[in-house]
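Each remark here refers to the structure printed beneath this line.
Each chain carries a letter (A, B, C, D, E, F, G and H) given by its place in the written order, and its residues are counted from 1.
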Amino acid sequence: MDEKTLTRLLEQVKGGKVSVDAAVGQLKDLPFAELGYATLDTHRSLRFGFPEVVLGEPKTVEQLLGIVATLVERKQTVLVTRLQPDKAEALLAAHPKGEYHAVARIFHVKQGKPKAGRVAVVTAGTSDIPVAEEAALTAQAMGATVTRVYDVGVAGIHRLLRRREEIQSAHAAVVVAGMEGALASAVGGLVGIPVVAVPTSVGYGANFGGVSALLAMVNSCASNVATMNIDNGFGGGFYAALISRTRGQR
Amino acid sequence: MDEKTLTRLLEQVKGGKVSVDAAVGQLKDLPFAELGYATLDTHRSLRFGFPEVVLGEPKTVEQLLGIVATLVERKQTVLVTRLQPDKAEALLAAHPKGEYHAVARIFHVKQGKPKAGRVAVVTAGTSDIPVAEEAALTAQAMGATVTRVYDVGVAGIHRLLRRREEIQSAHAAVVVAGMEGALASAVGGLVGIPVVAVPTSVGYGANFGGVSALLAMVNSCASNVATMNIDNGFGGGFYAALISRTRGQR
Amino acid sequence: MDEKTLTRLLEQVKGGKVSVDAAVGQLKDLPFAELGYATLDTHRSLRFGFPEVVLGEPKTVEQLLGIVATLVERKQTVLVTRLQPDKAEALLAAHPKGEYHAVARIFHVKQGKPKAGRVAVVTAGTSDIPVAEEAALTAQAMGATVTRVYDVGVAGIHRLLRRREEIQSAHAAVVVAGMEGALASAVGGLVGIPVVAVPTSVGYGANFGGVSALLAMVNSCASNVATMNIDNGFGGGFYAALISRTRGQR
Amino acid sequence: MDEKTLTRLLEQVKGGKVSVDAAVGQLKDLPFAELGYATLDTHRSLRFGFPEVVLGEPKTVEQLLGIVATLVERKQTVLVTRLQPDKAEALLAAHPKGEYHAVARIFHVKQGKPKAGRVAVVTAGTSDIPVAEEAALTAQAMGATVTRVYDVGVAGIHRLLRRREEIQSAHAAVVVAGMEGALASAVGGLVGIPVVAVPTSVGYGANFGGVSALLAMVNSCASNVATMNIDNGFGGGFYAALISRTRGQR
Amino acid sequence: MDEKTLTRLLEQVKGGKVSVDAAVGQLKDLPFAELGYATLDTHRSLRFGFPEVVLGEPKTVEQLLGIVATLVERKQTVLVTRLQPDKAEALLAAHPKGEYHAVARIFHVKQGKPKAGRVAVVTAGTSDIPVAEEAALTAQAMGATVTRVYDVGVAGIHRLLRRREEIQSAHAAVVVAGMEGALASAVGGLVGIPVVAVPTSVGYGANFGGVSALLAMVNSCASNVATMNIDNGFGGGFYAALISRTRGQR
Amino acid sequence: MDEKTLTRLLEQVKGGKVSVDAAVGQLKDLPFAELGYATLDTHRSLRFGFPEVVLGEPKTVEQLLGIVATLVERKQTVLVTRLQPDKAEALLAAHPKGEYHAVARIFHVKQGKPKAGRVAVVTAGTSDIPVAEEAALTAQAMGATVTRVYDVGVAGIHRLLRRREEIQSAHAAVVVAGMEGALASAVGGLVGIPVVAVPTSVGYGANFGGVSALLAMVNSCASNVATMNIDNGFGGGFYAALISRTRGQR
Amino acid sequence: MDEKTLTRLLEQVKGGKVSVDAAVGQLKDLPFAELGYATLDTHRSLRFGFPEVVLGEPKTVEQLLGIVATLVERKQTVLVTRLQPDKAEALLAAHPKGEYHAVARIFHVKQGKPKAGRVAVVTAGTSDIPVAEEAALTAQAMGATVTRVYDVGVAGIHRLLRRREEIQSAHAAVVVAGMEGALASAVGGLVGIPVVAVPTSVGYGANFGGVSALLAMVNSCASNVATMNIDNGFGGGFYAALISRTRGQR
Amino acid sequence: MDEKTLTRLLEQVKGGKVSVDAAVGQLKDLPFAELGYATLDTHRSLRFGFPEVVLGEPKTVEQLLGIVATLVERKQTVLVTRLQPDKAEALLAAHPKGEYHAVARIFHVKQGKPKAGRVAVVTAGTSDIPVAEEAALTAQAMGATVTRVYDVGVAGIHRLLRRREEIQSAHAAVVVAGMEGALASAVGGLVGIPVVAVPTSVGYGANFGGVSALLAMVNSCASNVATMNIDNGFGGGFYAALISRTRGQR
């Protein structure tokens, strides 16, 4: 609540147009829905213009059904990430207009038509595709148009060079790579747009579950690279779609 | 070089308008300036519309004078970061229209008028200010209008809440914090814009030179937070300014 | 045994009221019960006024039955933590007046009425609830009155602010959070009571099984935050209840 | 501001006793003093009943003089920690009634008479004394009576046993130890009061600047041990003093 | 494409011998085969004279069948590493002339007769044999003659000394060892040929999944030791075979 | 082969008492038995007077049967450690005079009567017993008399003090402890004999699979503490038994 | 105080031969000397038969003078380790019969004639000599006869083999090595005596201040290797001398 | 000494042509020169055909003068690495035909004409040049012809592509890079020769003194990349030159 709104409200109280009780309610009542096990911030969508996102993995089916029902009721677009197939079935049964993407493990109930710009999603290898799809579907759910540029790792740099223009024409790029994570720097050096780097846990040995790629990305010599958590495809897609919005779209 | 340009060039070769030698030159000659110790990519500015950035710390005064002279000659805006004061004096002597910002340790020669949007730079404590100023001055050098919101760490969350609207009205926010790095998540939760988190090495004990803050930021529960390297104020400012550009400005 | 008691005992020996053998026994015989596989310190309850706590996870059913029987016989309150459901069944069968809390994985046999003050247990997300319940039930077993404030992480700071007074009115707060662990600092900044931070292993990627949250908490910029081991809900509840006791209650 | 105060304020607005502008001011104006480089939370002392603490190390003399002057003016007790001797001289010159403790590197201006209980400060070796003194002086500044029990590490456990009762009679104990940090568990096992463990960076080799002690303390098998950051003597003293306050003293 | 070839092509365009379209095609068309989920670089074999290597573990049977079919069709030698037995069966059914080596988990379709020199594969213990066999079979697939020297760890140094000449007579040695990884330095000191060290995850406790051996090898006091990733038998065999080739063989 | 033996041999060659071939054989033939997959050093027992030890976990039943048969045939005492129960059955079937200790996971075939001194094995908790039994049985297999002092962790230091003399009367003590590993320092401070510290992976959270205990032990402030690998009960028992041998027994 | 002594004392109290006060004094008075900043355990020497050891580095000259004077007065042999040259001068001035060894940084005041056996000190390189000398001089101060075997690292294994018998003839060996620390395993495999491994911080890059060597030693495949802290030459020498003592010598 | 030589020697002993003493001497006398502080392996050069390399940094001037004099006398080529300028002066004074390269910190005395092949040394940035020069000069000292390709990091991939053929025409490439170390993979993907990757400690923040680059290189997705220690330019040059030798040259 900004100063102007606050002043207006107080003037209404003073003028008797708004009762003290109503004003107290308005001032203290923040837009949360309490479910007992969760405090849903249902105005978040208004604030960000984006769907409420629910991490599916650690929640029970009952918790998920409760949360999704509340959000759907309030006309919120819903995105459940890292959702196991068996829980997805229960959600699909309850919400037939929802969709489940098995590779990306995302459940999505679309409500309204969000708008965003163009996002490129780039991967080093085929093993990075599940995380990349999580990013791509998230960005699409937020209204972005997504270009997929897969399997163009630096050990065969020509494959990447051939597709440079496709990436450059996006408003932001998500680069998904494991092992040595070199692709983020290579893409960052080739294009003039913000690059959102997502390290993956793909690999073995001294990759430490993705830490080798995370460190490489954080240490990138290209200045237009910022980094998300390991395997955080959702975050990468969300962040890139957020960047891609035009002023008017916000 | 895209396909259309390539086709046109080859037709000119075929038609004799361009000699084979000239075409070879055009095809193989990429726009680099060789100084012996450095290969400057002077077209980067054209490609990205941004200044060439030089890391001042590890270079000798001679190398810096050579690099800056080359860039100035080619009408490039120059930004030398992490520049020690004594080297700054030598550069100022050679380039009187340059400026040196001691707190941020940045040397800047302005050429042209880059355009970008609004960037907020937020810090947790007063000790984070040098890194924050590096971010702020970089963003300004790239044409952004910068709002500084300093010393609003989460241990006194009211200080941050009071300034929420200032941050929200920017196109992107740089959040600079050391120790537990909690400010990035708090800002990310308050505003609907992309947040670029810059961990600092400020602190002691188990902060491991900034790693505690880096991990906190990478693990942020707010989806609109992406992370730069520890103490990388330049990167934070660059990335936020890049985001802040409107479509038309690109 | 303090100096006064020692003097008294020796005077009794001198005066013939206590035999040498009895005195030797008293001086060398410390209050342990030997079960072969465990040396139970049954006077601990007297010393601390708190139940004997048994870590259930690595012990066999036979060991647990033996230990609990010994404690119950000596009128000790028993708290078995991290107890698997199948072992709980065996304990419940043998001790029908005991209780098993499945979410917190705690088995509890109440004997006597311990007294402690008010403790608030606060969580960042719904996934932190099992650890939080372990803390809450432990504090209750020690006689504390517990207020639960769940799902108020910093990415939606208003949810926390709304419940500030409830937390402040406790004698100590346990803050349970995973990922970036920022909630401990935020609560620490909001209230003037000791905060016991419990990092959880909730999260993925570069959270390293809770290390990201542990580091954030240890590096907290709020001075009223001390930290327990990762997922150590029992320790958090125990420590907060210990603080909450008034002088007279000790 | 709680609901009751808010209601009262709004009723005064309604009744014309308070102007809209004044109410806006009251509602939006939080008690901060802005110095340009720092946002002082001067009501913190009221809220917590404790002095405002300033980390001296990274600040310039000018910043420190400004901050201390503001606090002194507002009748706040001031505690500047990790203060280098040369800066201390400047502060002493400006505030003759302040005191500087060289071993603990603390500058203290006493205003008012805070009250707290009894705190024991225990060290493993003589090298841990500087951190222990920081803890002891902080607790004293907060009104606690401090008992020092130094050089009683576990490699000569009899030294500790001899002083058990002194420690037990305190309301909280700060245990300061480097290397293997075993003293925290030993003290925790001996006494029934909350133990605040402070690992120190004392040692060499695989102690990793105090990490070996930090890990030992976090993994303590004694439930009444909570841990502060490495070398954080101030935090240890503050936390123990906070615990030591009786209800009435709060 | 080097300058000479480029010049020739452009002269052919100029002289009308090659059409503009054909030249565009030649210049932009790089030798990739697109399978949708993978971008195969089928000229790699020509460039390197070595088989295309496919990491089997994370790929589905369908993806593997598609990739292998494409490579076989183009007369490429195929090496699928880290292949699970069930997937191997599917590949063997489709390509009866392929071979599967269960210990090394390698599937191999031989086409052509690659040539390389002599490679020695040395292991510290019997538990290192699976990784060593991966190395040995890879080197053989590349045409090398392989000598196996197994179970000659430094805790019984005489076993190694007895076989020194066999190792010395190779062009390169692969040393496979877990735990303390000392064998690489010992072999490096005994022979005057390049040693490729492969740490294994064999061991327990503070070996951190092979990190202890990796660090030992990277820190080797013998200058003729270079290191591969943990358990990367394939890489070790590939690298050693690459070294072993004579000029004429390349 | 020392100089004296060498001289004698050469003189025999010179005098024709030993043929050149026989001498070559003697000089080059070291006492190894080759099984294909393992190079057994069967003279080790002669050299050290101790059984040959085989790590059972990673080996197949076939390999184990082969190795044990070879050793038994050569009258070697055999100790197979970390042996899974199902493999133990196969060994017991083949060698009925062998014994399998399930808690310690050790298979033992006794041949001859090794002699060593007195060893104390001390544990912090009941969960450390499996590793402690591995140590105790190994020391017994080497001829040592073992005193077990279990469950005497520092959180109840009186339990340890009561048994000090038992430990002191041994020639060496093995201290087995997880979590904070403080027991090694406490025992080291109490007794004047060499202490062999064995960290265990018992615990959770920030114990990092035993690293917290390992670091505590390596950083012990007691000088008579040396450390083995995490969970290496065998090594602890072996080393302590080796120390316990009197001069005459060697 | 064992049971027999205790019984005797109590009988003397009973019989009036010892007053209650004297008995209390005897029972509660442990043999410590309090210096204010240090609690000296002067009976340690009696218990262990070894000198009291003082870590010189972190102590002030005044503290060192006080501690050494107290020990000398009580006829204790003194060993001050890690002593800087300037402090050594002050100690030498006060105790002319003391000696300072500059390479090992040890100050030694000999009182009495301790007895121990034979110790070998082995180093990998010349850079390990300072730590090795600390070990050698400590062992000598404890009465051991020391054989030095320097610069015999595994990269030239023949240098070590040539000196095998010298090492084998000792009662214990200290192996000092940095970088990959392979020497400990090699020596352990060659000789049948206990090996005390001391990792050094010698090296650079991924040696992490000695951690690479520490890990290698802890993971040694030779069972007769136990490990001390990085650069802990004193500990290595102390431990080996302790092992080397015969029964009669204790 | 191989079997043939041994047989011949024994036959000479038998035939009386070689005395027993002489044979003992020959058999036991390995080719070492003892300087007291160092055991020089002067036959190493014969065995490997390469200079003896001395690490200059930790040695005193006296040690260096002694070692170099011994080597020069025996006609060995000498290479002293990591040599500080002041020590270099002393060596130059004693050996006027030696050379000191200040950037690479190498002192070199050439004796004889070693032969090797072609080596390319590639760097990511100008800050990597000192390590690269250490590699280049070492390779040259070993007889290799070196091509320098500097400042071609992946953030400007075109700079690298332009020089691909120069690198490919070498027998081995040394790639020197800090920060994210991506250049090793990029070069590895472009050329079919063995790549020796040398991570550098250049950078800041989460590069951990070169660990980020080391991990990236060890995890390289290109199979023709093996890794040396951080900043080990000497090792990189040595290893590449070793590879570059043709069969005939060995």
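We adopt the following convention: a residue touches a chain if its C-beta (ideal position, glycine included) is under 8 Å from a C-beta of that chain, and two chains touch if they have at least 3 such contacts.
The chain list, named the UniProt way, goes like this: A, B, C, D, E, F, G, H = Circadian phase modifier.
What you are looking at is a predicted structure, and each value in this text was computed from that prediction instead of being measured.
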Original post:
Which chains contact both chain A and chain F?
Top reply: C, D, E, H
Subject >> Pair of chains joined by more contacts [C-beta pairs], E-F or C-G >> reply: E-F
**OP:** Return the distance between the CA-based centres of chain B and chain E, expressed in whole Å.
**Re:** 41
Original post:
What whole-number Å value describes the gap between the mean CA coordinates of chain B and chain F?
Top reply: 59
Original post:
Which positions in chain G touch two or more other chains at once?
Top reply: 28, 156, 205-207, 211, 214, 218-220, 229
Subject >> Pairwise chain contacts under the document criterion >> reply: A-B, A-C, A-D, A-E, A-H, B-C, B-D, B-E, B-H, C-D, C-F, C-G, D-F, D-G, E-F, E-G, E-H, F-G, F-H, G-H
Original post:
So in the complex, which bits of chain E are touching chain H?
Top reply: 2, 47-50, 53, 117, 165, 171, 192-194, 196, 214, 218-220, 223-230, 234-235, 238-239, 242-243, 246-247, 250
**OP:** Using the touch rule from the top, collect the residues of chain H that touch chain A in their complex.
**Re:** 124-125, 153-157, 161, 179-182, 184-186, 188-190, 203, 205-208, 211-213, 215-222
**OP:** Could you pull out which chain C residues touch chain G in their complex?
**Re:** 3, 6-7, 10-11, 13-14, 16, 20, 23-24, 27-28
Original post:
Of all residues in chain F, which touch chain E in the complex?
Top reply: 28, 30, 32, 37-39, 41, 44, 55, 58-59, 63, 199, 201, 209-211, 214, 229-232
Original post:
Which residues of chain H touch chain B in the complex?
Top reply: 126-127, 129, 150-152, 156, 158-159, 162, 202, 204-207
